[in-house]
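The letters A, B and C name the chains in turn, as written, and every chain counts its residues from 1.
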Amino acid sequence: MAHVAVTHDVHEAIHHTEELSFWRKYVFSLDHKVIGLQYLITSLVFLFFGFTLMMLMRWQLAYPGQPIPIIGKWLGEMNAPGGIMLPEFYNQLGAMHGTIMVFLGVVPLAVGAFGNYIVPLQIGAPDMAFPKLNMASYWTYLVGGITMLSSFFMPGGAANSGWTSYAPLSVVATTGQTVWLIAMVFLITSSLLGSVNFIVTIVQLRTKGMTFMRMPFFVWAQLVTSFLLLLAFPPLEAAAVMQLMDRLAGTSFFMPSGLVVAGQILDVSGGGSPLLWQHLFWFLAHPEVYVLILPAMGIIAEILANNTRKPLWGYKSLVYAAVFLGFMSFIVWAHHMFLTGMGTVISAFFQTTTMIISIPSVIILTAFFISLWGASIRINTQMLFALSFLPMFGIGGLTGLPLGLAPTDIHLHDTYYVIGHFHYVVAPGTIFALFAGVYHWYPKVTGRKMSETLGKIHFWGSLVCMNGIFMPMFIQGLAGVSRRLYDGGQQYAHAQGVLQWNEFMSIAAWLLALFQLPFIINFFLSLKTGKKVESDNPWEATTLEWATPTPPPHGNFARPVEVYRGPYEYSVPNHPTDFTPQHVPDPVKA
Amino acid sequence: MHIPYTIHARPDTGLFNAKLGVWLFLASEVMLFGALFSSYVLLRIGAPSWPHGFEILNIPLATLNTVVLITSSITMVMAWASLKIHDFARYKRYIGATVGLGFVFLIIKAFEYGAKFSAGIYPSESTFLAIYFTLTGLHGLHVVGGMIVNGYFWGPGSRMWHTEPERFTNRIEVAGLYWHFVDLVWIFLFPVLYLL
Amino acid sequence: MSRSPEEIKKHVRVYVNVFVALMGLTVITVAISYLHLSVVPAVILALIVATIKGSLVASYFMHLINEKKMIFATLILTGIFFAALMSLPLIFHIDKFY
């Protein structure tokens, strides 16, 4: 009986198109593609805003104590009297840069935008499993984001205790921290709604023939990511609630007894543990690292297979590695805390798990490299970004190893080395992958290709500038320069030998901003002038998103799709074309 | 546009969408309350002294609340069973009772809180009271959430029974899963906070 | 999943039995607390009773006893990470922060 009903369901899914008003179609849309684009635009705006904060900080680091030209006088007397940035404001910028980039920029872009748009298409589903929940997820994210930004207008400014909001500093901080916590509750709720939706969609709405091992690697990456978001975020939500209680109700979850602030013993009941916050924070924030990187790897896998014109090497090991990576990411969190007085037993345990978790990352990267072997590579903008992702992420990953081992971490902890390490993972790593994704899927969304010339300017400029910013950080970090210094290390004798890099890095950062202009121009100009695509499958790809009309209508597929093979059947011998899409049946054998 | 498997189970997973969805949501709830329970244990072990719950809190009232919540759980499951035997009037009575018992729970809770506040006992007093108010407060919010959902299915939402009875029965099953979970959390909260 | 009315009636009897058991266990757990045992046995007993009650609710009211394997897989995964979370006090203990 169930079977009859199922086929009925599928058929109904196809033959329904209804006319909607402007508001229902573009603003309060239930269509996963529109919601994905809403996520895309919003998170790109946040990404550029977060970058702007950093460019201000880079001025202070390069020319400490000098007034910021032009923009300086708009920052307000409270923040930058006479255009000279105050230390308090520098701290706000630092905390908000991290928060915005991670929670409002990269994750919503990787999961909310790309996941939302691509996953249902790649598994042959008409939409997400819960379209209303999907819409709610976006709007909760937007409210959280606006709340987060509004904290700049609080008395005392935005949150200024770092993106990690370590207690007890954050508990005694200004009102901006309360707003930060409330905004985080919204963002956590949003990602919770999103992750439930993704898992149900992937498990339940795969089309006929789309078994788990035929899913594109991108879908696997999103599935693992969703589990991380689902299970790692709630402990931070609990911690945020406890910190709110500490700040608003005067409790002492994170406040030790006898804490002295500004010469006074704080009037709190005490008995709390600042380390508890760190544990709960990193219980989320380490899996969060893989939330940042897994979708990026997924995008890279799609683009590599498509442009090498051969199957992805070791698809199964990639899948198992991603699942294992996700699993292990839950038991490595305390490697962020070697300097908290951790004993040898616990530190040995977390060093071991940290070394173990590097294995699946290496497997994934190796499989990507081997995929290039012997391929006749098609070079276009997205492939350039994908190719540079490999060494960039490689640098980011390998420089992480010394941080995962307590003896070296004791020296490197909280220096610019750490900043360099994780920015290599996230900036020329994840963000390059996300750029690659924009170039790759743009023709599916708009029916036009982006300009290759502008794309290549964007790529080469970004590649050079990214390395110009982050490579010197390793040098400064190894010299022992702390990451949180407002003057970039001027007061410290040990930093004198590496100070000259500050100006270099800052100029690279501003140039990087300049090289984003071709991308922005390309993004909007190509809507009108981009080269029109001749078919629904301009890159001659194999996965299902290219089997839809361009752009895909509400409900996605023109007729029911069935899947006959794995995701990356390129250059199959004796096949007329060098790609065999998943939905094309084998020629009937006589 | 129509999403498959909203009513009937997908053959290979044996589940309809909302059921998997709500279980995933409950999994995240386990981690939410788990973090708080873990913090409770951590703070308690680290404390030089820790009060017994029964010295500060009102055990008879809390026991009564336990009875109320467990009763509301059985009325919830009976509401679902009534729909399964197509007895809509009976469903209405049971789901109404579930919402009503939720109210009773909150009223008793309010009395407890009120008595504490009027005696000058606040969360800032000690770590024990901090975790007590945080855990019970968060649980109370979950009760409120469940009551809103159940209230909707008792009132305007129940119209769906006349158009899509199977889908409505699914909704009640799923709402029930959440409600039982709220009950389950209380089953652990009660001894941990009050009796130990 | 479509169950016949007779089956449902059988289910209802089970629900009522579970309800009675839960009430009985509530009485037991409160009664134990009045014995004022020392901390360790009190914690162990209270958690045993709570776990039995919790499993009754999960197994019968939430129908976990005949649920699909996808749900079990999710819950097992959650259980493992829950255990990791509950190991926090253990970490503090091993490091002798107390």
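Rule of thumb we're sticking to: contacts are C-beta pairs under 8 Å (C-beta built on N, C-alpha and C of every residue); 3 or more make two chains touch, one makes a residue touch a chain.
Nothing here was measured: the structure is a model prediction, and the numbers come from that model.
J.: With chain centres set to the mean of the C-alpha atoms, which chain is at the far end from chain A?
T.: Of all chains, C has its centre farthest from that of chain A.
J.: Between A-C and B-C, name the chain pair that shares the greater number of C-beta pairs in contact.
T.: Pair with the higher count of C-beta contacts: B-C.
J.: Averaging over Cα atoms per chain, report the distance between chain A and chain C in Å.
T.: 37
J.: Between chain B and chain C, what is the gap in Å from one C-alpha centre to the other?
T.: Here chain B and chain C have centroids separated by 14 Å.
J.: For chain C, what residues touch not just one other chain but two or more?
T.: Touching at least two other chains: 70, 77-78, 81, 85, 88, 92, 97.
J.: Please set out, as single numbers or ranges, the residues of chain B touching at least two other chains.
T.: If we look for residues of chain B contacting two or more partner chains, we find 9, 13, 15, 20, 24, 27, 31, 34-35, 39, 42, 46.
J.: Give me the residues of chain A that touch two or more other chains.
T.: Within chain A, residues 203, 231-232, 235, 273, 276, 280, 283 contact more than one other chain.
J.: Please output the residues of chain B touching chain C within their complex, sorted ascending.
T.: 9, 13-15, 19-20, 23-24, 27, 30-31, 34-35, 37-39, 41-42, 45-46, 54, 59, 63, 66-67, 70-71, 73-74, 76-78, 81, 84-85, 176-177, 180-181, 183-184, 187-188, 190-192, 194-196
J.: Per the contact definition, I'd like the list of chain C residues that touch chain A in the complex.
T.: Interface residues on the chain C side: 2, 70, 77-78, 80-81, 84-85, 88, 91-92, 94-97.
J.: With touch defined as at the start, can you tell me which chain C residues reach chain B in the complex?
T.: Those in contact with chain B are residues 1, 3, 5, 8-9, 11-12, 15-16, 18-19, 22-23, 26, 29-30, 32-33, 39, 42-43, 46-47, 49-50, 53-54, 57-58, 61-62, 68, 70-71, 74-75, 77-78, 81-82, 85-86, 88-89, 92-93, 97-98.
J.: Which bits of chain A are touching chain B when the two form their complex?
T.: These residues of chain A touch chain B: 2-3, 5-6, 9-10, 12-13, 16-18, 126-127, 129-131, 133, 192, 195-197, 199-200, 203-205, 230-235, 237-239, 241-242, 245, 249-253, 268-269, 271-273, 276, 280, 283, 554-555.
J.: Report the residues of chain B in contact with chain A in the complex, numbered from low to high.
T.: Where chain B meets chain A, its residues are 1-11, 13, 15, 17-18, 20-21, 24-25, 27-29, 31-36, 39, 42-43, 46-48, 122-127, 129-131, 133-134, 138.
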